[in-house]
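One structure is given here, and the rest of the page talks about it.
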Amino acid sequence: MKLIIAYIQPHKLEDVKKALAEANVGKMSVTNSLGCGAQMGFEESYRGIKFEVNLLKKVRLEIAVNEDFVQKTIDAIISSARTGEIGDGKIFVLDLADCIRIRTGEYGTEAIG
Amino acid sequence: MKLIIAYIQPHKLEDVKKALAEANVGKMSVTNSLGCGAQMGFEESYRGIKFEVNLLKKVRLEIAVNEDFVQKTIDAIISSARTGEIGDGKIFVLDLADCIRIRTGEYGTEAIG
Amino acid sequence: MKLIIAYIQPHKLEDVKKALAEANVGKMSVTNSLGCGAQMGFEESYRGIKFEVNLLKKVRLEIAVNEDFVQKTIDAIISSARTGEIGDGKIFVLDLADCIRIRTGEYGTEAIG
Amino acid sequence: MKTQNTGIKKHRWLIMLLALFFLCGATETVFAENEAISIADVKQGLDTVWVLIAAFLVFFMQAGFGMVEAGFIRAKNTCNILTKNFLDFCMASLGFFLIGYALMFGDGNGFIGTKGFLLMGLEDTTSGLPLFAFWLFQAAFCGAAATIVAGGMAERMNFKAYLIYSFLISAIVYPIVGHWIWNSGGWLAAMGFGDFAGSTVVHTTGGIAALIGTMMLKPRIGKYGVDGKPKAIAGHNIPLASLGVFILWFGWFGFNAGSTIGAGDGFDIARVAINTNLAAALGGIGAMITVWFRFGKPDLSMAMNGALAGLVGVTAPCAFVEPWAACLIGLSSGVIVVFGVELLDKLHIDDPVGAVPVHGMCGIWGTLCVGIFGKAALGLSNEGFIYSGNPMQFGIQCVGSVATVVFVLVTMGLIFKMIDATVGLRVSRTEELRGLDIGEHGMESYSGFQIFSTT
Amino acid sequence: MKTQNTGIKKHRWLIMLLALFFLCGATETVFAENEAISIADVKQGLDTVWVLIAAFLVFFMQAGFGMVEAGFIRAKNTCNILTKNFLDFCMASLGFFLIGYALMFGDGNGFIGTKGFLLMGLEDTTSGLPLFAFWLFQAAFCGAAATIVAGGMAERMNFKAYLIYSFLISAIVYPIVGHWIWNSGGWLAAMGFGDFAGSTVVHTTGGIAALIGTMMLKPRIGKYGVDGKPKAIAGHNIPLASLGVFILWFGWFGFNAGSTIGAGDGFDIARVAINTNLAAALGGIGAMITVWFRFGKPDLSMAMNGALAGLVGVTAPCAFVEPWAACLIGLSSGVIVVFGVELLDKLHIDDPVGAVPVHGMCGIWGTLCVGIFGKAALGLSNEGFIYSGNPMQFGIQCVGSVATVVFVLVTMGLIFKMIDATVGLRVSRTEELRGLDIGEHGMESYSGFQIFSTT
Amino acid sequence: MKTQNTGIKKHRWLIMLLALFFLCGATETVFAENEAISIADVKQGLDTVWVLIAAFLVFFMQAGFGMVEAGFIRAKNTCNILTKNFLDFCMASLGFFLIGYALMFGDGNGFIGTKGFLLMGLEDTTSGLPLFAFWLFQAAFCGAAATIVAGGMAERMNFKAYLIYSFLISAIVYPIVGHWIWNSGGWLAAMGFGDFAGSTVVHTTGGIAALIGTMMLKPRIGKYGVDGKPKAIAGHNIPLASLGVFILWFGWFGFNAGSTIGAGDGFDIARVAINTNLAAALGGIGAMITVWFRFGKPDLSMAMNGALAGLVGVTAPCAFVEPWAACLIGLSSGVIVVFGVELLDKLHIDDPVGAVPVHGMCGIWGTLCVGIFGKAALGLSNEGFIYSGNPMQFGIQCVGSVATVVFVLVTMGLIFKMIDATVGLRVSRTEELRGLDIGEHGMESYSGFQIFSTT
């Protein structure tokens, strides 16, 4: 099992969700996040003081999947979130030692979907 | 060491915290999250346009524990967060390679608690 | 590759970012989080009812780095976030199985920076 | 050319005619150029201006109520309370137009009016004002009585139930109480009961309706622990509530000072206005001191409730008392409201915004204050207790207050029971947990904002 | 000259007459020293007080517009709309001072005024009011017309384009329409066109300008799916919008009832005020019922639009109709607005706050209602259709409404085209996605708040 | 029986006396039936109505100040500033009732009044108004002066210190300055110093108190980097601030136009009102242009400060100048405020909301403008500089302005020192970091909202 963490542009969320659904990945958790990367920030000014904002709004997805879904998930995200411009985001893959469904108490790969 | 990530219903947070405290797990980090799972969303309508909301509010817990606390933690969460209804949530367990306490610079299992 | 998760005091974020930049770590993701740890909470009262607030505001950093950057990153965080007082925070280190840059589709250590 | 109105009398017509003749001549030359400037017209114009502006201010209080109620509850129910607040004014306008005004100000018996449905068959002026101006002022009052209840029953009351309730209170219950007290033919008015601007008519009515409603609804999920201890469910937007309090205070100047139904020579409206302000200020101070002493923190939400309590308290006596007395009334109301909030929590009556202590308790207290601090010289039937040592007026005030409380408890109790039996008073558990905004209206109040709520 | 009015009584007629005679002489000299307690002065003072307060209320509507517009859009564009709303009132004040007033109320021909630039060369009083008071009232109206457009074009219009547009509409387009209708020399005024407080002058003008602007701007990114289906882009702060609606309603009392330009004997202002209130209330109820039936949920945002629709609808006829007619006008406007919103969505005209249905459609509808429900006895040129069966007035209303629509479509269409060709009407895609607050102003509306927005 | 007031004149005394004699008889009987329609009563009624409504508007400014101050600071200190804002009005009401009014308007010497504590022993009317109406208007002013300071010292001032300060300024410091200028016996009044509605009395006093307070408090943690460069600490709720500005502008109509203390024949109040509006509008435009040129972005927060600056600037001269001059005063104030904000940042004086530039600097500037643009024909003692070339009035204005600045610096400096030595001016570092809402009041302003703040 793997835990996939993906950072994407906020306005791509709907597309990514659709692509994931088509890849049969329906479960996920979404958080908002601020990202600092290759993408340049922008300048704000408040009452005559300028300042650089280099934390940009991103959406963070956390998706736990069984091994055979890992590549499909990654591909779905890449295809739907890519615009080719800096700031498109990153995907991180972690090993998932275990997974438990609270409702039933099931463990492991059964519990993921 | 393990890093336990749990998604629970928001109104269960108080109960879960109490159960964890009884299991001697007092440290944790909490974030709000939006979850997409087996639980059905609901319909909103705004100015005559209906739309499906399928991201539901969840609370995300992140708890780093030593090996001997893993099962206790999981059990405490399950027992306090379970209602038996869809949407109760999931627990993910990850291997934790290291842990450092910033204040003291301690590493490893010492630093967790 | 490692995924470093750090919880720090909110007002230390600027210092930590500066320290990381000096250590050539420029990419990261930031989230707000509520932490429960050794640090005591505080008491609020609302309309005559007192209650204990023991979830304190923290900032959560997520930084994916290649192996040779791990220690530098940790040191930079410790040196910039430490005040010596309870509540300074924790750093968690996880193994990162893979990393993908969405824009280019690159995998692995290439994709991290 | 109102000179005639001013009345000339009867016989002695010859002299009168002569006089008139000259007057017309005199005034004509002045007025001929001036298009009818009679002093009576100007006076009526001025009185109308005053009462209309007061009516606008009272209308604006609706916004104040909405903001206070919204600010003191959780974000997930905000849209719901605002819809209730918005619609109840609409419903009150309609109900008071169709039925309410007739029941309240129409001729009839001591208990209820029976003439003037749809404002038909009434004279053009009333109390020296154009009927329409008088109606608007009274309609805005009616809306206030209805909306008070929304706060007490917030975060769990069925929306349809609220609509039915709000129509009934504004079209029937409130007008009946109003008839007793503000219709010169009402039985309490006949007794010499003094309620200048409505501590009883509006606030006791609204506050007691909130009390019975809140008791029947039961507390919100999670408000009282298994150990019975109350838990804090914090309001989600204190700046909004604070703005609401300022709007209410602002509007209250119209509420109280407009109840003179005319500008007169300015003395009465000035006294009412200063009393209103002092009572509000002292109410805020009183509540702040009390809450600070009892709970160790200067709690803004309580101080704001205190100012409102002072305003409610001074509403009945504002025209009958001296400024120093207004200070005392305000201060005491501010203290009462803090203990009132505590008391309700002990009784497990869950009133999220403090509608019962503010409007119910201080409405009663203010009514009684008329009997204590009121002065006959300022228009009250009997001299107040502290001046005369005679409890006559105090007794009358008790009668009126008790009568209103009992009447509202019974009628509103029945109405809520009926509603509960039909459409149901309370929303489902899931809906309450998820929030009424989504459950009832399918929309969020703060779309896009991350709101972390565990209750 | 009060002594006379106070009337004369009884015997002693001879002496009275003498007295009167001398008093007339005496008072003249008396006033010379005593600074004028003349009834004409008091009356003018009262009228000025009334119109100034009304002007303040109309000014305050600017806040209402700002809050409604801000509340109904996304957080990321809030600062931008507020800046537009704030500056357009500033620009309107300036433009109306320099040019607008002259074009609108200055003497000239039936189409446009040509005197009074910078308020120079005008008489001290106009319509029985000090010029400055009259100007302020009218300037506040002018600001309202300008700001209506901001809502329809929200979330994607270039800021500089907006500034240019807002100067032009308030200095030129609005004053010309106003001249036709509210200058006694205007061609529509001469025809007997009735628009008491501006359903046409202000609201049709603003609403139609919003329509053409919105069409030219194209919808917001993501508003219509590839399948053409509209998507909901929810407003970010419903309590703010709700407050805004209350402020508008409050201010509208000044808008309509102040349009009497004087207090008179109170009857007119009272009628206008009650009609305004009833139409607003019934508008809210009408929209609520309609939206509930059609979409299954009592949508607050629509109910609030309904109240505004009722207000817009009753603005033209408020002085000419009876309260029951105001109820009908309000109710129908409330229904219209719901269908209007739907219609625009079908036509893919993306109007985030409903400026076109509320101000444009109901502005026209209200104007026509004058011809249907108006009464000659209340000052209209011809009896309305339902009383007389004669469509004369209705016809006149149609002419005025059509003329205004066409004129505004053409002039504003040209203005927007010109602006588009020079500074550009619309912001870039990146800027729209990131939000205009950052793109145009480099600041955030809710600094520190976590806002999760995927549109 | 006002006929007497109207005075009696000169020759023809015998007949006049006769006439009066009979009139008295006549009117008495008339009034018996008619309840007093005398022109003097109506006039006094009208003046009272005007001043009371103005007082309500000034009171409402308190809400405006609260929203502006709250909106321009961080979320974590919002509740604190709102509590301060709320309580200082309560304290000012009390303090001005007990002591302040006596010191300000009571008879005494040129420096201070000594009669009328608790409003006792005063005549029923003052300046042709019921005393209570006059008091309320003045009390609302007093509250404004106190609350200005809250903004400058926001986000770090001890709550108890604030309460003490606010009582002292409203009960003592403000009334003394007011006595000099607005009591006919005051030494500056005697010199012919012109401050129509309080650029000096209210705004300079408040602004300079904010200056000395802010300097003594030191900047907020993190405001100036180690390199000395200022950092932006963005306001958390711009819509709230924007609403506040509109409320202030709205209320300012009452502030300035109500300072006529009567409606008169409408000319004065109309001039004041138009000047107020034009100065505000031009202030907004002036600041917007300046900030856009200097910093490349149209910064709403500055434009709003500009409107307030224009309002402050025109407050002293509003009755004495022509509209075109009001435009210039507004425009220049708008420019000044931008440079003022920059200057303070250079001096490391950390004034989160711009209280010093807006109220202090523009208060002084507005006071001087009286000497430049004022006209003797409009009631000023001497013709302004641009008309006469004579710097007399300008000189007087300088004297008054300097005297006020010095007096406030000294007294408030001492008061703040004393407070610092006893309860302490500033909160602890931890408290400041965590936010004063939790530290001082134990509650949050936006419970449940996720707020991400690193300062």
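Read from first to last, the chains carry the letters A, B, C, D, E and F; within each, the first residue is number 1.
Quick note on the criterion: contacts are C-beta pairs under 8 Å (C-beta built on N, C-alpha and C of every residue); 3 or more make two chains touch, one makes a residue touch a chain.
All values derive from a computational prediction rather than experimental measurement.
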{"item": "Chains in simultaneous contact with subunit A and subunit F", "value": "C, E"}
{"item": "Smallest count of steps, each to a touching chain, taking subunit D to subunit E", "value": "1"}
{"item": "Matching chain pair for A-F (criterion: over half of the contact pairs shared, by residue number), options B-D, A-E or C-D", "value": "C-D"}
{"item": "Distance between the centres, which are taken as Cα means, of subunit C and subunit B, whole angstrom", "value": "18"}
{"item": "Between subunit D and subunit F, centroid-to-centroid distance (C-alpha), Å", "value": "31"}
{"item": "Centre-to-centre distance between subunit F and subunit C (centres being mean Cα positions), rounded to whole Å", "value": "48"}
{"item": "Per-residue multi-chain contacts in subunit C, two or more chains", "value": "31-32, 34, 44-46, 50, 94-95"}
{"item": "Sequence positions of subunit E contacting 2 or more other chains", "value": "2, 5-10, 16, 20, 39, 42, 46, 49, 53, 234-235, 237, 243, 297, 299, 301, 442-444, 446, 449-453"}
{"item": "Those chain pairs that satisfy the touch definition", "value": "A-B, A-C, A-E, A-F, B-C, B-D, B-E, C-D, C-F, D-E, D-F, E-F"}
{"item": "Contacting residues of subunit D [partner subunit F, same complex]", "value": "6-7, 39-40, 42-43, 46, 49-50, 53, 57, 74-75, 234-239, 242-243, 245-247, 249-250, 253-254, 257, 263-267, 269-271, 273-274, 277-278, 280-282, 284-285, 288, 297-301, 303-304, 307, 323-324, 327, 446, 449-453"}
{"item": "Residues of subunit F that touch subunit A when the two form their complex", "value": "230-235, 291, 294-297, 299, 301-302, 338, 341-342, 345, 354, 452"}
{"item": "Subunit E-touching residues of subunit A, taken from the complex the two chains share", "value": "10-11, 13-14, 32, 42-46, 50, 53, 57, 59"}
{"item": "Subunit C residues touching subunit B - in the complex, by the definition given at the top", "value": "2, 5-8, 31-38, 55, 58, 60, 74, 77-78, 81-95"}
{"item": "Parts of subunit A lying in touch with subunit F, wherever the complex brings them together", "value": "34, 44-51"}
